[in-house]
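The letters A, B and C name the chains in turn, as written, and every chain counts its residues from 1.
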Amino acid sequence: MLTILFDGIAYGMLLFILAVGLAVTMGLMNFINLAHGAFAMAGGYITVLLMQRLDVPFLWCLPLAFAGAGLLGAVLERTLYRPLYHKPHLDQVLFSIGLAFMAVAATDYFMGSTQQIIQLPEFLRGRTELGTGDWTLGMGHYRLFIIAVCAALTVGLQYVLARTRFGSRLRASVDDQRVAAGLGINVNVVFLSTFAFGSGLAGLGGALGAEVLGLDPTFPLKFIIYFLVVVAVGGTSSITGPLLAALMLGIADVAGKYYIPKLGAFIVYSLMILILIWRPQGLFVRNGGKA
Amino acid sequence: MSLAGSPDDNVLSARGLVKRFGGITATSNVTLHLKKGARHALIGPNGAGKTTLINLLTGVLQPTEGQIALEGRDVTRLPPHRRVRRGMVRTFQINQLFDGLTPLETLALTVSQHRGLGAGWWRPLGAHRAVAERCDQLLEQFHLTSVKDQTTRVLAYGKRRLLEIAIALACEPRVLLLDEPVAGVPAADSREILDILAALPDDVAVLLIEHDMDLVFRFARRVSVLVYGELLVEGDAEAIARDPTVKAVYLGEEARG
Amino acid sequence: MTSASPAQRSLLAARRWRAWEPLLWLAAFAAPLLLPSHALIVNEIAIVALFAVSLDLVLGYTGIVSLGHAAFFGMGAYSAALFAKYVMPDPLVGLAVGIAAATVLGALFSVTIQRGSDLTRLMVTLGAALILLELANKLDWLTGGADGLQGVIMGPLLGRFEFGLSGRTAAWYSLTVLLVLFFLARRLVESPLGATFKAIRDNRLRAMAIGIPVGSRLAVSYTLAAGLAGAAGALLAQTTGFASLDLFEFHRSADVMLMLVVGGTGWLYGGVAGAVVFKLMQDALSAMTPQYWTFWLGLFLVVLVLVGRDRLIRPWTWFGKGRRP
């Protein structure tokens, strides 16, 4: 049981890193980006290519995946996304679905449709077991690694948001874009860097998660629903909200699939719908923030 | 169910309204009474909470404390669309129109809804003659007849503002809350609006939020002054015009700004 | 007798049937006769057109962004299929059952779409479809699971017309149902109720401020649209003799949304036009590998949004700015 909890936490933290960019984009630009998973996929495939073609060690691939996906995000934000911020949500949905389709098809064409295998370095394979019997905690080393990296990133994100000037500019822009611009905050730069950073994180998450979640061209469409659940339930006005939502989702999914395999995903979706009926703005919304 | 002690001829009674958002008190102990046929203005510097008050009265926001009564019946917990059916109608400072519909369709649907025909699904929108004739009247009154078949999206600002108010009148209000009706309207068109305001039916109680002092003192008989969410003073229009504290509030604004 | 009011004249004029409409329907009904080898695709187009019209009701006329409309399509299909297989094979009764089941489901789910933002609505509608997909998958003793529900044999229509291999009866059946429901939908959108839907779509805040009970109207629109989608699903199951899990899948909801967008939202014929274009294109391009179809579809969507949806049908606005906002 503890192992399930552990696996669920690892899964949840991974989901958080993957989805946090989407949460901030939604809160900041009020833009529904269903192509977010494509940036994660990009990070995953960058890692695969670097490792297989150029023999780059796994650990080095992670920051490179972040950078690659972030750069892609920056370019797309400036060229394609920016003109669409004020369009109705339906248009944004259609646009991002279109991008996702293009990403899926192009990846399928260039890389084939089979799942990609990542060879983890030696020290990340293996498992440590603590405790005995029912209370055994089996910690896969890779999952431990994931938790550590994601926890460090989360702390870093909180710090940036709460303690740096960029963080306060970001929070001001999320609260009220017009007022922030009136205060001299360069909203365009904030948007661009935030979108790029969020995409970069997604790429990093894709690289980290390739081994755990599976990497193939259908990744963006398979996982976008999970990202959206994290954002919808966690709300877009903080990062602790999506963090908690992601952990809940991770644990619920792992536990559900283990204990009640017949109904696994069904429980997750139903829970989500019930939560959203009860609290349409998400479970963890800051009072006084923009809805 | 009427509130204890409320006079019979108040169509709108708000008592002790308080609205807190987290740590901020946007509205503090505001009391307002409107009699039938009232011409009452609400003035105050920017950020004083005038629109918040309107949102409280119409039910878009729930008050933290206080009660609101319409014609003696408590409506504090009533949802916004129900208050409209009881006769409390508002206009918006920024035009809130149905861009995809024509002015005629907009008014027809409003009148139909108001007369209980809004759920009819078989007969077309134009089938009821009484509704159509009321629309003719309103279009005429608000000088919209020439544009009645154009999509609202393409109308000039002045016409849009007229439509904004026409929609409210189509609901046959007993209490009309006007939020800065001439905001942003060029001088020529604002005269049109002023004439229409002057010609409002005598039995409708009107609460006017305005910045334009000429309009306020030409139109209103009673004035309330709102500052930082609190009622500074309330009285007859002439008395308020001469009141030194009111002047200080506005002049103080200018000196700082 | 006094003359009609100008307002009444304008309102009633807007809803007259245009000259080309009867011709269009005539052509549609003649198609299975004149192009007998294409009767099957005519049937498919009619079904998909009905599905698109049902989405138009919620999306184009009421402004509800729904990514899970396939839930009702699939519900109608499986209900009609199960009814034919286990109770009685009469098509019209089965159609009624399919519509009823989808309508009940719609009413149930309409509770979820009343509050919250567009994102919330997107999520709950998507979730609804995925839940049904899961359910259909897990209840495989009933639905046939991943293999689908097979062997649905329909009885003769109205006791006389057999569903033959040619597909002509099927095509005329679907076209008739489409016409009847289209006509009803048309009365609805031109009525005061339909006008309140449009008001909610254009400005929910103002709709509330003129006394429209927004929540319950959203529910009504969603429920009615669910019923129409269920009819389309029932027709599909009945005319193909088969119901499968992919009816609930995301790409069905996305495809129908795309069709509607291509044909134009807020205009009942938009669904029909979009369905025709989409189906014909899909048929023509299906020779290409599936990857190409998805890519070009995606590119089309991206370009469509960047150019502006309402400019698509007015090619002279494609180049140069200066559109009146």
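Everything below uses one rule, namely that contacts are C-beta pairs under 8 Å (C-beta built on N, C-alpha and C of every residue); 3 or more make two chains touch, one makes a residue touch a chain.
Predicted model only: the values in this text are computed from it and were never measured.
Peer 1: With centres defined from CA atoms, tell me which chain sits nearest the overall protein centre.
Peer 2: C
Peer 1: What's the chain with its C-alpha centre farthest out from subunit B?
Peer 2: A
Peer 1: From the C-alpha centre of subunit A to that of subunit B, how far is it in Å?
Peer 2: Comparing mean C-alpha positions, subunit B is 46 Å from subunit A.
Peer 1: Just the number, please: Cα centre separation of subunit B and subunit C in whole Å.
Peer 2: Centres of subunit B and subunit C (C-alpha means) sit 41 Å apart.
Peer 1: Quick check: how many Å separate the C-alpha centres of subunit A and subunit C?
Peer 2: Result: the chain centres lie 33 Å from each other.
Peer 1: Got the subunit C residues that touch at least 2 other chains?
Peer 2: Nothing qualifies.
Peer 1: Using the touch definition up top, name the residues of subunit A that touch subunit C in the complex.
Peer 2: Residues 26, 32, 80, 83-84, 87, 89-95, 97-106, 108-109, 221, 225, 228-229, 231-232, 262-263, 265-266, 269-270, 272-273, 276-277, 280-281, 291.
Peer 1: So in the complex, the part of subunit C that touches subunit B is made up of which residues?
Peer 2: Interface residues on the subunit C side: 4-8, 10-12, 14-15, 187-188, 190-196, 198-199, 201-203, 205-214, 266, 324-325.
Peer 1: Any idea which subunit B residues touch subunit C in the complex?
Peer 2: Interface residues on subunit B, with respect to subunit C: 58, 80-81, 84-85, 89-90, 92, 96-101, 104-106, 108-110, 112-114, 117-127, 129, 132-133, 135-136, 139, 145, 148-149, 153-154, 167, 170-171.
Peer 1: List the residues on subunit C that touch subunit A in their complex, please.
Peer 2: 59, 65, 67, 111-112, 115-120, 122-124, 126-128, 130-131, 134-135, 138, 250, 254, 257-258, 261, 291-292, 294-295, 297-302, 304-306, 309
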